[in-house]
Structure formats: structure tokens, C-alpha cells
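First chain written, first letter: the chains are A, B, C and D, and each begins at residue 1.
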């Protein structure tokens, strides 16, 4: 009997689906879930094509040799197809805030800062907004500080931008023309009313939205085998946690 | 604490602009305490392109007037407590940037160019708050193509840690070429290393490829495990537990002082 | 001539912009004849930052419409005869530059920036004849500070020769980092090497430091002594006598044709 | 008995004198004489300071590790004190032409091109114009093509520029304010009338100009020993030629 998919496994599988057709993806140093989704995509594609995965700050998954500028140069050259962005706040126009709330520069709450967002959001064709916490304080109507805007006026050079928003509750796609989010699917166990209450911005949705697909048995086996092993090298704490969850969910023998 | 580290720290004078590398690229944590004992304050830190423990400790010690950075964080250990507090208290000035803008500013300095152009940034609040950046209409476009110009970043001093140097003053930086970029852009570069070797790193093409020539290096001192508690590529891993201890202690000014006092023996 | 060189040459199509390295940085002379046999003409050559034998031979073979360069010469062997004749006859167009302007254009492409600023050039006839360059008043100055902007140079293809590659497609370029700059800036990069090794050049930090990652490399082929008659650092010296023989023969179109025919067996 | 200085030894010694106080000098790949002068300066200074000498294209005298852009970056950073420029034509305002004569772009005579001159002439504080051929076709009133101008209007960022002109006949210094050349000295064997006839541009001079100093015995010994040996590594043909001249000048035993 195969153990039912864990919530994090649904997310990782969703990330892998969002990366379909991507040839080079980069993930941040502290991004185990995007890394796992990328590794799954790589494993699924390997008979047909080679997905390149760059993990910032990693040694094993680092094929850059020109210092920390190379990722950005790569994006500027159009050689990076997908990237993940988080955000302390994300609003309905896909603006992201990684700086803080309650005034600037003297912020009441300060977050680390914008990192590469203000560049990569413009230059990477498929940016996936990924933030597990889905609450009204994260999913806001309007961010307090725009680290990187979701859309740009006509004329602004912008080959890149947001493609989707993935949270612990749901998957949205982003329509750059409207602009705004459309609900794609609700994760197992989350209802539409729950989602609406947790979201500070308006979004389009069906009356009866579909449920986010779970990985099938073969994909689950790949995830819990090879992907988990690969992930362990760079994210040992996350991998151990995942293994614990699997063990805990195991039906008593 | 070795006297040579103290001597190196004395190059830093009040008000200087100091370039420091990102966590994983060779932070000279060994220089943090000498810098604090040296006492020169009012510093303008340039994080290449983000800052962490060292930046937080220099801020905690009251030496920092301004931070130019794309982020300050302790990574897995969370937010940088002294940085966050200083922002909240308004005791430091900020030049919030994005990583490639900092690289662009250093590259302009490396080339002796007044500025570099960079895509992105248009419509961000980063740009809105940076009165030292400019937006022009791309002179090569057909009109209506705004592009941001980043002025050269010319630090007075760059400080970093590397695996090895030779006795001729050449430093092996491997593929961490942002360290070279920092050195090119800076007037003075101070380097701590795990060890100094006798052979000339430039006389073998294989090692030469990863070597920053002595031309750019003012002073070098040996400081074994000099990046600790950060790791150093090919040498040792990050001591995350220690960074966690710091993160927890430094939540308050008193906790910070206590941590620094307790670690005095360990770091010296 | 190995089939893989011919296959690589077939990537070059009429009208393309081709980046080629300076004499001492790894010229893929082994690709010259396949390029000529491939026959795609109307090429726009970008010399990084100067050209020599290969450029002269491609011009002599009638494949070149434009040369963007800081110089074309055979070094000790004197002027480049087919280039000089083509200039005199007006059969090629010129974009005369200065070395750092070519590097600046490639760097702009590397960074995805529309242009780089560069000092110098003001008042030169180089600038006067380059309608693809712009002069603006430095927006960071107090006014009256003219500065030249160089647009991104984005070659379709870069072609060079290096000592070795691994079977994963990584190429060891050592400290000849202009080869990396060419590859970053170009859509496709074709590389010939002395030999292909089994180990992964990126898995050892020492060799990784001088390695151009496979990400930037479209095709690699083995071509022992592939820079001949140029030398290759750490491998073999320049065959100056041979370049002298070329310089003497190629003074006339007939002499050039005779030389190329006579060397067909040697170079194949 | 010490053999009297050869003409080339006077030139090399003059170059070494022009480099006094310099900490970093670069010379082109095909510049044996400037290289020899720099090596002599390095040998003379070594007890007090280390003169860095970069020879482009050389392996032994190359401490650059960032490709061929590094020399120019170095100059832009203000880390290069002196450089040598030649010229197919040099005029009285120190403009240099490395491109050609008889029209542009379709030149009747085409030279290789401007190389780095249009940048280094602006950024290197002490540029030494060095051209052995001193004839009216090289030393012209006005160059046909300005590869790099000798002076710039006020406001143009220009920390660098020409300091001196050294030929097979004489040494001039350059006055950036006037602007123009002033004769410093005539090499042994060259008269003022000869010089005036050979020079296409006007220059200031004394009625009875001094003779260019020759190296003393100790300097000659250094030149013919250590410097010649060092030079051999990078410029074997030039070194062999020099040795031949020395052998030929040797009084018969």
C-alpha cells in the first residue's frame, strides 16, 4: 500500500508541473521545496532533455564559475527560464515586498531585503511566486513596499514576470494583461470560503474550483526515493523532517 | 588575537566605505573583532551583494552609519537582529538595492566607468528611494525605453577571507570571482587566509586561473578557520548551531553584548 | 578534416555576427578551413579585441562583409595582407574600435544591459565614424562631462580553441577569461580543444575556477594543435616562421590562393 | 675597456629615466625596447620599491588573471602609471594615428588599427610616445586620422595623456597646456638642423640643445647582463640582434 501524498508532496508535484518545458531553473539558498520540485522535474525529463538546476550557495548543484553575479548575468542573457520568488507580502497585482512593513526606511518590521527580485522578476520568463503561508497579512490588497512590481507599463523592457502563485492553500495563475490572479485549483482539504477569507486581494475563480492534482504512485515513488536522496545533500534538515512526516503517517504495522 | 589582524584593522578609519562579501563567498569573520576593537565608526558598509553575521555584529557594536545592500539576514537562523533593531530605531541609514545593482556598481568601478546601465528596477520602491541612481531614456532605443543607471561603487577598503595566499601576495579565490570584483573596485583590499604557501600561485596556469594578483591586495594575514562560524568552500562547513546561538542571544542589545563578551576567547 | 569540425562550421549561416579571440587567447585555426568550405559569407566579424591570421584568411576567402575590431595584424609578421587589401579596395566595411570598447560591448551583452559607459574616445576619429555609439552628458556629473556609451555586442556565434574540455561539455579556459566573455555574450559557442577528458572539470574547485560551464557551450570537437600556427598557452608556441610564410604569400590574391591550396593537406 | 653605448642602449636608458617613480608599467606585445627600459628601471629600483611590469601576451611577465580586459580595467582604476604608444603618424599636438592614411574607411595605406590607444591615452598618467622612425612622414603637422587625441577640452575626464616623445633622433617633453612638444635633448650624433628637417611639426627648442645622456658603466653592465637575459625570454629575436650588435662593435682582439 502506498502512503497517501503528504501536503508537501502535493506542493512539490505542483512545482514540478509548473516547470514543464523549462530548461534552466534557479532556486535560492533556503528554498528546499522549489529545489525538490525542480529535482522531480529533472528526474521526469531526463530521458528527453537535461533540466539544469542552479541552487544558490550550493556546491554540488553549482555549475557557475563567475561568482555571485553569474546568475543575474545568465538571466540578463535570457539563459534562465524559471525562478522562484517569495515575499513578506504579495498583492493582487503580483507586487512583492521583501523589505518590511510600517514605514520606510524606518520600518516597524524589517525583513532581509529585496535580494535579486527587482531584476529577476523582469528578466526571467517564468517566475513562480511561492509562499506557504496564506493569510491576510501575507496576501494583501496592496504591498507596503514594492521590492519588485508584478507588471510594468508598455515600453518597459520586461521579458520576464510572474506566471503563478503557489501557497499552502491553492494554486493561482497570473494574467499579465488584466492584471490579476485567477484561481487554478484548491489544494486537498481547502475550501473556497476558507481561501477567500485568507486572501486580502480579489481574484477570479470558478464557483466550484478544481482540486489540485496529487502525484500518482510512480511519481510518489520517485519523490520519496531519488528526489529525497538528492535533496538531502543540500537541505538535510528539510529532508529529515520529510522523512519524519512519512514515518509518522505510516499506518501502524 | 594576532597582532597582524589588529594592524590590518587599523587601516579602517571613521567614515570609510567598506565592502564585505556574501555569507558563502568568504567572510573574514576573524577581522570582525579587530574591527570592533579598532573602533573606527561611522562606516558605510557595502554588502556584496548581501550581508549577514559580520554586518550584524558591526552594527551591534555601533560602528555603522549606513548599509548599502540587497539584504541582511542570518540565513537559516532567520533575520539579522541588530540590523533589524537599528532599522526600527532609525539609527542606520539604508541604501536598499538588488543584487545585480551592487554588482553593476562594482563593475563600473572596476572599469573606471562612471556608471553601468541595468534592466529591471523600474516601478520598484527601491528605485524610488535611491536618489543616487538615475533613470534615462535608452539612447539606443526608439524612445520610451527607460533604463536605470547605477553609479560606480568605489569602496575605500574590501575585506574578505580566502583559502590560501602565496608569499608574493597573490590570493587564491577560486570561482568566487565577486572577491576579485570587490578588490578591483576598492582602493585597498585586506585579506585573511587559512594558510600562506611558498609556491607562486601565478606560476601554474591551473592555480593562476583562480588567483587574485598581488597588485590588488594591500595586506594578507593568516587566520585559520577565519570564516567561522561561516563555512569556507572546500575547507569547512558553516556552524549553523553557532549562528543560531548568536541569533537568539542578539535579540537584545544586552544579549548581543553578552554573546560578544563570551565569544571573545573563542574568536581571538 | 574531421566531420565534426565540418558539422560545427555548418552552424554558421550567411550574415551572422561571429566573435573571434585575439591571437594569444586561443584562436581556433582548425575551424578556419571548415568555415571556408562551409561557404556562408556576408559575415560580420567581431575581433575580441583584435584579429590576425584567421580574420585575414576569412577575408581572403571572400566571406567577410564587415570587421569590428581594434586592430588586424599578423604581429611580428607585419600587416594583415588580405585585410589591408580589402580596406584599400573598399570591399569590407569597418567598425574601427578600441580594445576596451569591444570588451565593454561584450560586457553589456553579458549583463543583458543595453549599453556600457566608457571613458576615453572623446575627440577621436574612431568615435566620429561610429554612428552606433552615443555620447551623453554624464547624468551623475555637474554637467559638461561627456561620456561615450557602447551598445551591447551580441554575436550569433563565438568560436575559439582551448586546451581541454570534459565529456560534460565544460571547457577549461584558464585565465583567458575573454573567452568566457565571448561565450556569455554570444547566442552559440563552438569550441575546439586539444583533448577531451573524462573527469568533470567542475567537480574540483581548482579546475572549476578556470572553467567555462557547459551551459554556454553548444558544440565541442577535438582538434589537436588546433591553434596552429598560433600557439596555445601551456601547450605549444607560435610558429612564427609559418605566419611569416603566410604574410609573404598572401600579399596578392593569387599568392593567398596558392598558400591556402598548399596548406590544405597540413591543416586538414 | 667598456664598449661605448650602442644607440639602442641610449634609448633604453632614456626610457628607464622616463619611468622614474613609476610603480606599474605596461608594454605591448611587440615592444622590446620599452620592455627593456622597464626591466632596467625595475632592476635599478629593486632595493627600494617593486616596479610591476606587464607585458601583453607574455606568460612570464603576466600577472593578470582576468583576460585581456584586465589591463584596461587596471588603467581605468588608476592602477597603471605608464604606458607606451607608437603611431604611424604623430603630430605636433601629440595626436596619434594608428589606422592609416589616404582616406577613411577606404584608406590607401592601412595600418593595424587603434588597439587600446583611444582609452589608455586618456587614463594612464604617463604615456610615452615611442617611435624610432623619425621622418617627416611619421612626424607630421596633422595626423590623417586621430586614433587618440593628444589633448582634450576642459571638462573631458582625462587623468592621462602624453608625457614625452622618444625617437631615434631626440627626446621631447609634451606641454599639455600650450599644447606642444619641447625638445629635451638630441641623441648623440644628431644635429638640430637634421632634426628640424626630419620633423613635420613645429616644436620649441633651445638654440643649442643638450645631448641625450648615455648610461654609465654600471648601468651598461646591468643592461648587457641581467636586462638582456630577462628580455631574451619574451623577445628572443631582439635579444639576439642586440647581442650581434655588441659582438660586431667589439674591438678586434
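Methods note: a residue touches a chain if its C-beta (ideal position, glycine included) is under 8 Å from a C-beta of that chain, and two chains touch if they have at least 3 such contacts.
These figures come from a predicted structure and were not determined experimentally.
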item: Chains touching both chain B and chain D; value: C
item: Comparison of A-C and A-B (more C-beta pairs in contact); value: A-B
item: Mean-CA-position distance for chain B and chain A (Å); value: 29
item: Between chain D and chain A, distance of the C-alpha-averaged centres to the nearest whole Å; value: 60
item: Cα-centroid distance, chain B relative to chain C, in whole angstrom; value: 36
item: Chain centre separation in whole Å, for chain C relative to chain A (CA means); value: 41
item: Residue numbers of chain D (touch at least two other chains); value: 64-66, 72-73, 76, 123, 157
item: Residues of chain B whose C-beta touches two or more other chains; value: 100, 107, 111-114, 118-119, 145, 147, 175, 180, 208-210, 233
item: Graph class of chain-chain contacts, one of line, ring, star, complete, other; value: other
item: Chain-to-chain touches, reported pairwise for every pair that qualifies; value: A-B, A-C, B-C, B-D, C-D
item: Chain C-touching residues of chain D, taken from the complex the two chains share; value: 29-30, 57, 59, 64-69, 72-73, 76, 98-100, 104-123, 145-149, 152-153, 155-157, 237
item: For the chain A and chain C complex, residues of the former touching the latter; value: 24, 52, 63-66, 72-79, 123, 157
item: Chain A-touching residues of chain B, taken from the complex the two chains share; value: 22-25, 48-50, 69-73, 75-76, 79-80, 83-84, 87-90, 93-94, 96-101, 103, 107, 118-127, 129, 144-147, 175-181, 233
item: Sites on chain B touched by chain D in the complex; value: 109-114, 170, 180, 184-185, 202, 208-216
item: Touching residues (chain side chain C, partner chain B) in the complex; value: 100, 104, 107-108, 111-119, 134, 136, 138-141, 145, 147, 149, 151, 173-175, 205-210, 233-234
